[in-house]
Amino acid sequence: MNRQQLRVLLDEVRSGVVTPESAHTRLLQVLRQSPFEDLGFARVDHHRATRQGFPEVVFGQGKTADQIASIAERLVSAGHSLLVTRTTPEAYQAVAGLVPGATYHDLARCITFDHGATPRGRGTILIAAAGTADLPVAEEAAITAQVMGNDVDRLYDVGVAGLHRLLTEQQRLCAARVVIVVAGMEGALPSVVGGLVDVPVIAVPTSVGYGANFGGLTALLGMLNSCAIGISVVNIDNGFGAAAVASSINHLD
Amino acid sequence: MNRQQLRVLLDEVRSGVVTPESAHTRLLQVLRQSPFEDLGFARVDHHRATRQGFPEVVFGQGKTADQIASIAERLVSAGHSLLVTRTTPEAYQAVAGLVPGATYHDLARCITFDHGATPRGRGTILIAAAGTADLPVAEEAAITAQVMGNDVDRLYDVGVAGLHRLLTEQQRLCAARVVIVVAGMEGALPSVVGGLVDVPVIAVPTSVGYGANFGGLTALLGMLNSCAIGISVVNIDNGFGAAAVASSINHLD
Amino acid sequence: MNRQQLRVLLDEVRSGVVTPESAHTRLLQVLRQSPFEDLGFARVDHHRATRQGFPEVVFGQGKTADQIASIAERLVSAGHSLLVTRTTPEAYQAVAGLVPGATYHDLARCITFDHGATPRGRGTILIAAAGTADLPVAEEAAITAQVMGNDVDRLYDVGVAGLHRLLTEQQRLCAARVVIVVAGMEGALPSVVGGLVDVPVIAVPTSVGYGANFGGLTALLGMLNSCAIGISVVNIDNGFGAAAVASSINHLD
Amino acid sequence: MNRQQLRVLLDEVRSGVVTPESAHTRLLQVLRQSPFEDLGFARVDHHRATRQGFPEVVFGQGKTADQIASIAERLVSAGHSLLVTRTTPEAYQAVAGLVPGATYHDLARCITFDHGATPRGRGTILIAAAGTADLPVAEEAAITAQVMGNDVDRLYDVGVAGLHRLLTEQQRLCAARVVIVVAGMEGALPSVVGGLVDVPVIAVPTSVGYGANFGGLTALLGMLNSCAIGISVVNIDNGFGAAAVASSINHLD
Amino acid sequence: MNRQQLRVLLDEVRSGVVTPESAHTRLLQVLRQSPFEDLGFARVDHHRATRQGFPEVVFGQGKTADQIASIAERLVSAGHSLLVTRTTPEAYQAVAGLVPGATYHDLARCITFDHGATPRGRGTILIAAAGTADLPVAEEAAITAQVMGNDVDRLYDVGVAGLHRLLTEQQRLCAARVVIVVAGMEGALPSVVGGLVDVPVIAVPTSVGYGANFGGLTALLGMLNSCAIGISVVNIDNGFGAAAVASSINHLD
Amino acid sequence: MNRQQLRVLLDEVRSGVVTPESAHTRLLQVLRQSPFEDLGFARVDHHRATRQGFPEVVFGQGKTADQIASIAERLVSAGHSLLVTRTTPEAYQAVAGLVPGATYHDLARCITFDHGATPRGRGTILIAAAGTADLPVAEEAAITAQVMGNDVDRLYDVGVAGLHRLLTEQQRLCAARVVIVVAGMEGALPSVVGGLVDVPVIAVPTSVGYGANFGGLTALLGMLNSCAIGISVVNIDNGFGAAAVASSINHLD
Amino acid sequence: MNRQQLRVLLDEVRSGVVTPESAHTRLLQVLRQSPFEDLGFARVDHHRATRQGFPEVVFGQGKTADQIASIAERLVSAGHSLLVTRTTPEAYQAVAGLVPGATYHDLARCITFDHGATPRGRGTILIAAAGTADLPVAEEAAITAQVMGNDVDRLYDVGVAGLHRLLTEQQRLCAARVVIVVAGMEGALPSVVGGLVDVPVIAVPTSVGYGANFGGLTALLGMLNSCAIGISVVNIDNGFGAAAVASSINHLD
Amino acid sequence: MNRQQLRVLLDEVRSGVVTPESAHTRLLQVLRQSPFEDLGFARVDHHRATRQGFPEVVFGQGKTADQIASIAERLVSAGHSLLVTRTTPEAYQAVAGLVPGATYHDLARCITFDHGATPRGRGTILIAAAGTADLPVAEEAAITAQVMGNDVDRLYDVGVAGLHRLLTEQQRLCAARVVIVVAGMEGALPSVVGGLVDVPVIAVPTSVGYGANFGGLTALLGMLNSCAIGISVVNIDNGFGAAAVASSINHLD
């Protein structure tokens, strides 16, 4: 019930078209409802879905193929795009049966279905990855960014131990509106990239490594302590999260 | 030596104005120089300074008042704005002697001097802080954002244990282009804020708390594991770093 | 030997019915016995069993199906209710052969048998869970609370990133006598719930998450550092423990 | 605006006593207000204050004596009881100047002022402490519990290495409605107490110890892993938090 | 009330000297008393004091000089030996005023008074220390062992980086009945000593070191993981604890 | 070459039976050899083997059945007793083929063969275990202690949450010459036992538990910080190591 | 384009053999190329490959047999030696099909192919290992060192608990130009070796152990805190990395 | 007693100049002595002192000025060079009184005295430091390297966030025989340097930073997990240790 509707109702009470009892009942309903829905809270959610094209991302890990397929079918039926992360070929078989146009991204371990109406981000999201073992996380970021309506530029295998690989690509780095940097082991790549660009850098530590890398903790701590400015960090192996941040930046007017 | 200068040089060799020996020497110099200076690498730095108004931020901790003052004087003389973080009133006395218009921000523990020509960010950076003990970090972020050319909206004392304080301010939250959330203890505020806005959220854990907060580690881990999307994290107590990220986002076209 | 029996014995010594030697022997026996049995210590245990209906909970993990079945049979034969936690369908098959009326709770991974005479708690225990992945722990708490004689209200999927889901349920929250809050990842839900109710809140961190959640440590630390008051915490994934605390509170007169 | 008031308003619109315009304005106000205040959210807070006698506890650490005194004065003027934790004799001097009847509790490092109308809890809160070095935390709990309207029984210096000290006090243990157990070092006391009582036990780890106690982490972990049931845990050294939980339990009808 | 006293009481009841009522009352008192005192529990404590000469060790840290002095005076008046650990010259001044013969051990930071009747251990306790910075801990162990009635042999500055210093002292190592090994940094000395002797070795990690020694954690973990057999470990810097273990071994018949 | 042999050699040089050249060669050999063998170092090893009956314990984990069997055969052929820890029924099959009288201990996961000549310890080693899940570690200690020549008394399922189970067994506790205490979860049992006996207590933390027990770290830290005296600690799950320490104590004259 | 080529080009411009336009184009190419290749940066890489015989080491973990085989074929075809670490017999089968002379090293889990022209190091690299469980890591170091052109001396099973095994081998220790020390558990061997030699010692912690060894963390910390000088450390289980460091030292002129 | 002396002794026995008894006694003495002194063990130590010029380095932390001065005087009197690390101007005053030519190095916090006869290393040790706050550690390394006889090249303030500062100095990097890299915060500099040189790189993490740098742990872990090869690591802030390793490399023939 918006401002106009409220005024109309009260006028109708005044003129006798609506009885006070009936108006009482209707206004009580409004007050009893989630205030957030009435106050525009849920509208923010719908706004998000309208602009970015995905109302809910399915975290596949720990769900059965059937569960994933039925959630996917429900979302696509409702007219939304689809993104399932951390999933498997088996889950894809189940999804494909219900959502014909769905695609499986092997390296990224994602299922997507694009309804084609996602608002486009303004620039390019560059995704830099230090080593080949970091690619699953980098690809999760790339696929996520794409399904959220962003152009993606991939710059892989540019670890800091062979700097020339990175330095020869400075033009691509500087052409991006947001940069995602994916690295395991010591996680030094974001510091170097952060010194080369002046757009926001989202750092993603990966669990790649062994021994004292402690499942990605070393890369995470390294990125949090970066001596470069303009860097913020997401959870270990969280390619999806980095892309969601990057996409929200890239969709700013 | 740019493209045009190179062509001129070669034409002069051809016409005999410049001898091959002399051109040889000059080109060797170019090749021996830092390629980055010639290839525009340092220009990125100057571009950054030109657009954002600060070429170098002085981390005051561990430096003497005299050291800080002389660095400050050098920067301001060169026409730059000034930001000194983690500093003291003593250092400010020293700086004020050399940089007359400098200002000390007590709660933020910062010294600033604004040369007045910093490019303005496009929107507002909202800084939300959970408790009053988080204010030094929040203010470091606020002062940093301001000196970098951003409008700042402060929303303090909105911890999650009294949600109504936050929920009644949703309009201010939704009016921001970037949100910085500062919280210690369990660090839950970014998760709640992240569910209310769809702009980028930069989370800053603080060392506020005791016992099992482990100097801010608990808040840091909580923010990295947030169930909300669109959140990235900086180091513990790093208000400056959060503002630098937010400013780079807010300066995107 | 209780107070009356002692008086009788001494009267009998006085009257000569019992000789001092014989009384001496009998009193020495009492003194040599476990003082706790004579002093009411074991009675506390029986009191607990009588009032709450379960004398011993079987922690199923690491026990074979046969071991579980034989313990279960012994307990039920003795007239007790039965609760087996962290168990499997295989163990249930074995138990069901010996305890016909036993029930298996799939999501909670529990086996129960209710002898029907458990004293009832005074109010309702509300169990709030942040995400669907937290449900096994939430259900372990729910089944435990029920078999201990409590009414249970389940409020699931109310994570802090979508606050309206929780806020529209404030009446149910406020109707509870005790609240159990189950959450993984950053573990922020107890802080929000703690600000909405003034009954005791028992927080249960879960190991749900990945990367820097460190098997539930992040949620645990977050809950211990909660800025809300009235919250206490149990071990990671310990749904049973939380329900035992909640039940002891709910059975207070 | 409650249900009755709404009906009256609508009747007045119908009868012409209130114009639709005026009613429109008034209802818009209600909808624009924090829904929580209108929906009873803040009333919960007032209910809490009314029943327990303290609307806000002042955490003294990091606040100046003057800040504490002015907050204290404001609270007491508003008719509330006062509790300042983690404070100093200096702060007390400042408070006493503004709040004449305020009391300083040296060992507990608390300032209190009791307005005399705090609702009484139903039973006794027993506070057991393992060693003399744990007393500041135990006393913080005791003073907090008292100012919140609870009877307190102190059972100090009953560490597990001299069990008889504890076992001879079983009657006092069993007479309590809630038990708070304060212990540092290995934090074993709650496990032993938990086996002796069947009321809720709130365990408070302290930072007492040295070497591998890691500032109370050892005691905290020990309490979280207790083999006894009915135990929940609060943050290291958090005597106040334990008492708040215990008081909320003790005030249950 | 011992076995004889009980028989006498019962005889007196029989003979009429004591009425059953009076005997009833007296026996109820016994049953209500700590059972441990009656059952010999406290006798263990006295036995310990009698045989080893110290009923209670005063941990000086966190106690005022006056508190230490008054405890010391009470213990010595009761005929016991005295050991105060982790104390200061100031505390010694206070103690010396009340306990004339007390001695201060500067390096060990201990105060002792020996009543001269402590039972002697059977052999020698050898205390090996890796470096000079470990001596305060080693001396705390040495003084503790001596006041508990043991012969002590000190073997200091025998770190593993200069093995010949240790190897030339093998006879002294082999002459000991128990060996205490004190080491910081990497804590390797117990492994080497454990390979040279076949008596029990008590390892004491110290907090000596810097950087990644983490306050003695590195030495502690090293000692717990020793590849040598016959080694057990006490807390970081716990020279007293090691000596107490060694003395209990050395006093075995 | 021992003292007598050296004298004989020198006499033979003097008498001309051995030439100086030949004696030179032989003495150079002695000096070139491991000095430890000549100086009695290896003799210590043989002394150990002679007195305790096992020259080398086989740590089975990570070794194949065939490797274990061949090592076992070699040791037994050389006249030694045999102890294989952390092994499997498969390894036992292989061992039994080569060492006919070898025994497999299922719960302890050990293989033993006793040559019957191991020197006997002087008293009894009591092994107390907190819960049934701790029994594999407790039995590893028990079997190790037995094969090393000690009488063992097992006191199982005496966790601190049911103190009466332990307190009724004080006579057995006090009859031991050494006590090994095995406990997981919070690891509180050694503190309680340490307060009841005055013989050495060896504490063994186990990895039994879940959540914040961190694979036994919690129990380990708890035991290191015990408030009882006379306790030392071995590595997590190291039943063998505890028994080796206890046996070395029990074999002291 | 080197110095000579540049001079020739400029002479050709002068003489008209090359037009300024064509020279312009060619020089622009040089400037656009990776400056590092032109400035000798990549030459360092080729120099490394030429001198040490391996341009890239294949980390086998996480790669399929086919991936490894195709990389191996490409490297060997290009005339390089081959080293694949952390690989499997299956991968070897695939490699052997494409690289006929390749060898599999079972214990080291490495595949090598030596093209026979690797420059030789100047001295011997001695590899000392504490226990038999450390051999896979030690052999990875040995095979790496050999394929990089170094003579290797293996000194295995010389743990510090049986020092004579090490001390009798001092001549071999002192004959080495670099020493690699591999040890798990407490990681004490490097400290002892560091006291016996004055050449560089590279310490490699292994994950061998259990309980509080925390996957090699204990050995790592021990080695970093070594009291001996001349020791540096590589990551846990990183035999390859230690050998690469040792080889770079051994190839110094 | 060396080879010749032994032969002479035996000849004298043969000829009767020395009696067998007297020779027996003398040879027993040799066998009883530390075998290491006779077998050349201590000679290694002297060899080290002769070649490198420092027999013992004084770790100043925790020693009084007088203690340091008397040790320094003893060493210099014996003809050795002197190095005191982690010391203070006060200690220098005391040393200077006894060792006239001693020098204090303010930034490095070291005292040195060079006797002028230290053997020279073969090449240059380059010391790179990331930031100005790392200089105390870098200078400790530099002064240590110099007093040990090495030429040192300092390359300071070359952190990875401004790569051009490092890249323009590649010639100096490549001219070094050993490189020490000192860095705090994320510790990324060694990875970058390791990719630019092929000589050994010794990485020194510093405790510079705040928040999640955990006193240098982040830099330490980053360096241990470096993706570059040829890097080994020393303890946090251990500039001395790095220089000792580098010097031992630089003194290799």
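We just call them A, B, C, D, E, F, G and H in the order they show up, numbering each chain from 1.
The rule is short, and it goes like this: a contact is a pair of C-beta atoms (placed from the backbone, for glycine too) under 8 Å apart; a residue touches a chain by one contact, two chains touch by 3 or more.
Worth saying up front: this structure is predicted, and the values here are computed from it rather than measured.
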Original post:
Using C-alpha centroids, which chain lies at the maximum separation from subunit A?
Top reply: E
Original post:
At the subunit C/subunit F interface, shared numbers over all numbers used: above half (same) or below half (different)?
Top reply: different
Original post:
Can you name the chain that lies farthest from subunit G, using the mean of each chain's Cα atoms as its centre?
Top reply: D
**OP:** Could you quickly compare B-H and A-D and let me know which has more C-beta contacts?
**Re:** A-D
**OP:** Go ahead and note the Å separation of the Cα centroids belonging to subunit E and subunit F.
**Re:** 25
Subject >> Distance between chain centroids, defined by C-alpha means - subunit A, subunit E (Å) >> reply: 61
Subject >> Inter-centroid spacing, subunit G versus subunit F (mean Cα positions, whole Å) >> reply: 40
Subject >> subunit F: positions in contact with at least two other chains >> reply: 35, 39, 41, 163, 167, 196, 211-213, 217, 220, 224-225, 229, 235-236
**OP:** Any two chains that touch count here, so list every such pair.
**Re:** A-B, A-C, A-D, A-G, A-H, B-C, B-D, B-G, B-H, C-D, C-E, C-F, D-E, D-F, E-F, E-G, E-H, F-G, F-H, G-H
Subject >> subunit F-touching residues of subunit D, taken from the complex the two chains share >> reply: 130-131, 159-163, 167, 185-188, 191-192, 194-196, 209, 211-214, 217-219, 221-229
Subject >> Residues of subunit G touching subunit H in the complex >> reply: 39, 41, 44, 47-48, 51-52, 57, 122-123, 170, 174, 177, 196-200, 202, 220, 224-225, 229-236, 241-242, 244-245, 248-249, 252-253
**OP:** Can you check the complex and tell me which residues of subunit A touch subunit D?
**Re:** 3, 6-7, 10-11, 13-14, 16, 19-20, 23-24, 27-28, 31, 35-36, 38-39
Subject >> Partner subunit B, residues of subunit D touching it in the complex >> reply: 33-37, 41-42, 61-62, 205, 207, 215-217, 220, 235-238
Subject >> Complex contact set, residues of subunit D against subunit E >> reply: 133, 162-164, 167-168, 210-213
